[in-house]
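Shared between the two complexes below is chain A, which pairs with chain B and chain C, respectively.
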Partner chain A sequence: MKTRLIAVLRALAFVLLALVLCGVIFEFAGRAASTAGNPYSAILMFQSIAEGAILNRGAWQDSLRWALPLFITASGVAISFRCGYFNVGAQGQFYVGAIAATFVVDGMRGAPAALVIPLTFVAGILGGAVWALWPGVLRVKSGTDEVITTLMGNFIAGLLLVYVTAGILKDPSGTGQVMASRPVAAAYRISTSSGLSPTIIVIAVIVGVAMWLLVNRTAFGVLSSLAGRNPIMVVWQGARLSRLGLAGFVLSGGLAGLAGTVEVLGPNGRLVSGFLPTHGFTAILIALVASLSIAGTAIVSLFFGGLAAAGLYLPVLVGLPAAAIDIINAAIALFITARTWPGLERLFKHRAAAAGGG
Partner chain B sequence: MNGESALACRDVTVHYGDVAALVGVSVAFRPGMIHAVVGQNGAGKTTFARVAAGLVKPVAGTLSIGGCEVPTGNVNLARAAGVELVHQSFALPPSFTVAEAMEFGATGGGAIYSRRRLEARWGRHLASLGVKVRLRDRIRDLAVELQQGVEIARALVTEAKVLILDEPTAVLSPAGIDTLFARLRGLKAAGVTIVLILHKIREVLAIADTVTVLRGGRLVEGPIATADTNASQLAHSIVGSEEEKKLTGADEAALVGASEAVASAAAPSARAASAILELRDVNTRPDPEGPTLGDVSLTVGRGEIVGIAGVEGNGQRTLVRTLSDLTELQSGRIVIAGIDVTHTPLRDRRAAGLRVIPFERNSEGLSLSSALWENWSARKLLFDRLLAPISPSRLRKECAEALDAWDVRYATTTQPAGSLSGGNAQKLILSREVDPAANLIIAAQPTRGLDVGATAFVWRSLREARARGCGILFISSDLDELFDISDRLVVMLSGRIVGEFRPPYRLGDVGAAMTGALA
Partner chain C sequence: MRSALRRDREPKVDQFVIETLRYGTPLVYVTMAGVLASRSGIWHLGLEGLMIVGCCASVIGVVETQSIVVGLGLAIVLCVLGSVLLWFVIEKLRANPIIAGLGLTGLGLGGTDLAVQSIYGSQASVNAPFGLPRLGPAFGPYGVLSVLVVLMPIIVFALWLLLRRTRFGLRLAASGEHPFAARSVGAKPPRLRLIALCLGGVLCALGGTELALGSLQIFAYGMTAGRGFMGFSAVIFGAAHPIGSAAAALFFAVVGALGIRAQLIFGDQVPHDLLLTLPYIATVAGVWLSGRLRGGARAAATFGELRDY
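Presenting the complex of A and B:
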């Protein structure tokens, strides 16, 4: 318990350090920009982040709108990392899930919602799972490095998204400036464009509870954590490492696909080419900041959801580009990676040995 | 006294973290003699050798070589003063040829090498030391004895005055030990002072002029002339009177390698005991971790401990991997408890009662960064469905009960396994692998690196398992240990079984089988 608390405090300290560093940078950049008639300051920036994330009216809802899909994807990432597999393809799995969901919801226009919505979810989850399955199979069958394959998968999925939104799923009445699918019919939407609804909250809660139980209250949880920390030992115990690993891949992909489905049926309301391009990477960051714990992932998701919500305020209030939030994210990523490096090193140390052992 | 000693240290104290490895050790070795330093595992022998060679800096104490004081913790100065250390695990690059390995680290060869020049330079040196080896052979292809020969020759390149060898006999067959001893006597005649780290009394008495005993990091006695002592006296010094009370005579003799032939403490097993393990004509496909098995046929009966002897790397690892379904079979059959498990995965073999104590407890036996209870419950959980619900608090409680029953020293079941000492880590593995449902236990080097108390504990628990009717396959490179515990002994050489012995065992016969001298 005490060691856990220390781990959490350390993570917080690193996040704080990253924020301070960003503050210093923006302060100087803001002074330089003042000659160009566009001054901004770090204090003002943090103030407006706080306003955009919590203080303003509706800011809480806005933060949750971003936090919940991030949490769904991030809990999947945490599971695959716990199994010892570095699935960095959450972004691609998120996209493929969204594409599959859109195919179903678009193709079944007119059918009753009670039929379409569940099928759309199934399609989205399966889409994401399939996009994680092939790197998983390559990994456990022939030892192909999943960092490479899942990263490549992100690009392929991104291009696939461009392809379908410009082709099969293209909205014929669209302006042509934005490539997107037809809007999802109101009957099938699970939230308005504001992006928060009881349905989405319930989905996130179900995912959270289920994943927490899986990690903390099943044989899978213990065995996958052992396998993630020392696959050789688990092989000598007679475990089929490939099954544990594939389960981790499929779960993380399925959850990313679920998040993609939520975005399409919820806040987005349609499939837009190149939408939320950093969703999967932020999710990885969240899982790492949370030290791969599910409860921690929930809390950290709120923080990053708040940052994402605030990102939309920055240009309006401070005159700072929204990309400032990306810079903050990147700084946090840098510090967190430095903090978790021993853990990652352990992961990589056993990779070669595990490749032949499955 | 300092003036005439080749190597002396005074009040040397070394700490590794919180652990005191050496405490106030003062000892002086006279030149031109062979000195033995003995003690159990963890007594501080290797640390002592490293201090003498300048590899470890003590927190207190001085070191003098040839009468001159040398700053501690400086390899280059120690080397310049004439001290060379041959490590326990060899340090030559395996992909180098013999000539290249000799040149590696030597001085005075010029900047540009040619193969011919290298071979001319080192051929003479090796020949003068009586090491018969082809200079173009790669280090990894050499037999262990030859590798050691090259290692010693390399240590003598600088004309060392003091040569320290850390457990040089641990990897050798009895015949190899004879060769080594002949070589050492030659060096002694040439005026080199030799310090041998050993843990077998028999070897000490055979080669050394003086003996120094360490226990728990402290100097017990020495250097005393070997002529003035005897095996039982030394055994007493090494083990200590407290531990001694808990040991039977045969076990103590085996622990310290005190006697030439050991009558097994085993009760004579019933010959007609039914087989729990049968290997028939097993051949394996090439495996990266060791030689393939060739026509291995082996039977282990219920209530029988079968020892596997052999120089390390002669297929013992492949045998254990084969039984654990980690190496592919080419032909042959494996039967456990009457069930053909040739094509059965390890999980199902374990369900049939197979238990494995693997060679490497820190990588194959435990996940060091995982909690004790997770490590302990792995075996149980694997028999379950993956999604089977568990109660961590109940598992932790069961784990605590098991660990208490096995006398493991731990603070909480949630501490990482890496925080346990070697002996306690091995007990954790035992508590997992030696359960009432076990009927065949593969124990691979289960006592390696353990101190006397932990070693005796491992033996006792395996004997208790035998009494319950378990069949046990005991793999070790320590013949004394095997003689003490085995009801039957099988010798492996190059992946084949080349001999089978029953007690009373004779060192000469088993040793001959290990080196293939037994036709």
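Presenting the complex of A and C:
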């Protein structure tokens, strides 16, 4: 319990540090903006973000809309990180899942919804899982570093998305400017464009409960988190390390694909070229801030969902650049895996020595 | 008949080489930054962010002061500052280099976006009035290339000398591979890493400047388009050897230029977006191959975590 409390405090401290760094950046950028006639202060920026995330009317529903898909992807990322594999390809898996889902829902137009919707979900999950499977196989079979393969997979998936939305899946009635698929028929949608519906909430809750049980109450969960910390130990226990790792990859890819499907059938309502380009990165952050705990991921998702909602609110209603949200996310990424602060270790050592002596 | 054919072909070869060098030069510069970091034991995934900062700072510097020196200087200062920040987070705060590097990349991408929007209002891109000095007509068709293209092989060779033939380079490699051994001969791995990262910052600034001011004379959001990550892969592909990694980077550039060529020749018959994936696929293949040849990447147990305790 005490170690968990320390972990939470540590995460909070470094998030705070990141926000201070952001404050400095915003202050400078705000001063520079006076030449363009729109100066702002760091305080105004943070205040506007808070308004966009929770304070305004309807803001928290918006935040929840962004938090749910992020939570689904992030819980997958947490699983693969627990297995000791740095699957940083959530973005690509999210895209490929969305593409696969769109193929099914677009190809089966006219069929009954009770058939189409489940098949779409299966396709989306499979798409994401396949996009995580190949880096996983390369990693387990040939030792190819998964950080590079999954990163490259993100770029390839992004271009694949451009390709299908400009070609095979392109909406023939659409203008040349926006590359997108045909809108999903209303019968197959699982939410309106507001993005909050009982279906999506139920999906997120099911994912959350299932993943929590998997991590905390099954042999797979125990072994996988051991595999992340001490692979040799797991081999000695007689478990198949490669199989554990592959399962982690496939599970995280499948969940990212599920989130992609939710976005297509839910709030987006169609596949748009280059949609939500920072979804995967944010999901990785969420998993790390929550120090890979599933329950923690659920809570932290709300915070980052709020930031995502604020990112839409800033440019439209307050006229502030939305890049501020990307900067906050990046600064948190910079600091979140930090384990100490200069001098802090010495302080603890000193106290421990004093306690030992007394 | 034959001579006519050759005359027809030669400019195309020139064109191809020029495209390769244009694509490859910024890539080689960031790759060299990655080599330095990798030698010192850090997997540098912040290259992309430093590079875009280099692009943005050089263009803003040129636009605001009409001086290429100020532009380049601003780029170098900001990239070195970014490198120091990364060093502090990795070395002093003991953060995971991969995540911290990705954070630095995000900070660079978001920060340049914020800077451009704040200074120039909601513009998509910023045009520079002029670019880097060109080689000039004395070099025939290659005169359109910038001076940084010529500097590139010199830098690669200098880096090879630095890493393989000097005390500093050998100590750097030691602190990357076996920090304990490096300490035992009196080297200070953290300080060596700081120097390596800062030198890398300068190289990223050069790469970014070449990308923004070499041929395009423009800054656009996200214009690096993964080149920093490609440079990182070239480091892995080339086993962190300066010349091997530069060759890997140029190979990626050839693949990229082939994509552009194919587009020009075959037009819409070849899907453009799929051709753009070629360098990324080549990267995956290259990393896979280098892993096979060397019996698996070493990242298995460490995933780039510093083992210097």
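Going forward, the second predicted complex is superposed on the first by the 332 of 358 C-alpha atoms of A that agree within 3 Å, B and C clash if a C-alpha of one lies under 4 Å from a C-alpha of the other, contacts with A are read in each partner's own complex, and residues count from 1 in each chain.
Everything below uses one rule, namely that a residue touches a chain if its C-beta (ideal position, glycine included) is under 8 Å from a C-beta of that chain, and two chains touch if they have at least 3 such contacts.
Here the structure is a predicted model, which means the values were calculated and not measured.
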Superposition on chain A - do chain B and chain C clash or fit: fit
Chain B versus chain C as contact partner of A:Leu9, first or second or both or neither: neither
Which superposed partner A:Trp236 touches (first chain B, second chain C, both, neither): first
Contacts of A:Val222 with chain B and chain C, given as first, second, both or neither: first
Partner chain(s) touched by A:Thr149 [first = chain B, second = chain C, both, neither]: second
Chain B versus chain C as contact partner of A:Ala187, first or second or both or neither: neither
In the superposition, chain B vs chain C on chain A residues touched: C
Which superposed partner A:Leu138 touches (first chain B, second chain C, both, neither): second
Where chain B and chain C come nearest after superposition, their Cα distance in Å: 8
Shared chain A surface residues [contacts with chain B and with chain C]: none
Parts of chain A lying in touch with chain C, wherever the complex brings them together: 25-26, 29-30, 32-33, 35-38, 84, 86, 88, 138, 142-145, 147-149, 151-153, 155-156, 159-160, 162-163, 166-167, 231, 281, 284, 288, 321, 323-327, 329-342
Contact set on chain A toward chain B in their complex: 214, 216-223, 225-226, 229-230, 232-240, 243-244, 247, 346, 356-357
Chain B to chain A touching residues, read off their complex: 288, 324-326, 345-350, 356, 358, 363-370, 374-375, 377-379, 381-382, 384-392
Partner chain A, residues of chain C touching it in the complex: 43, 45, 85-86, 89, 92-96, 98-100, 102-107, 109-111, 113-115, 117-121, 226, 229, 232-233, 236, 271, 273-274, 276-277, 280-281, 283-284, 287-288, 291-292, 295-297, 299-301, 303-304
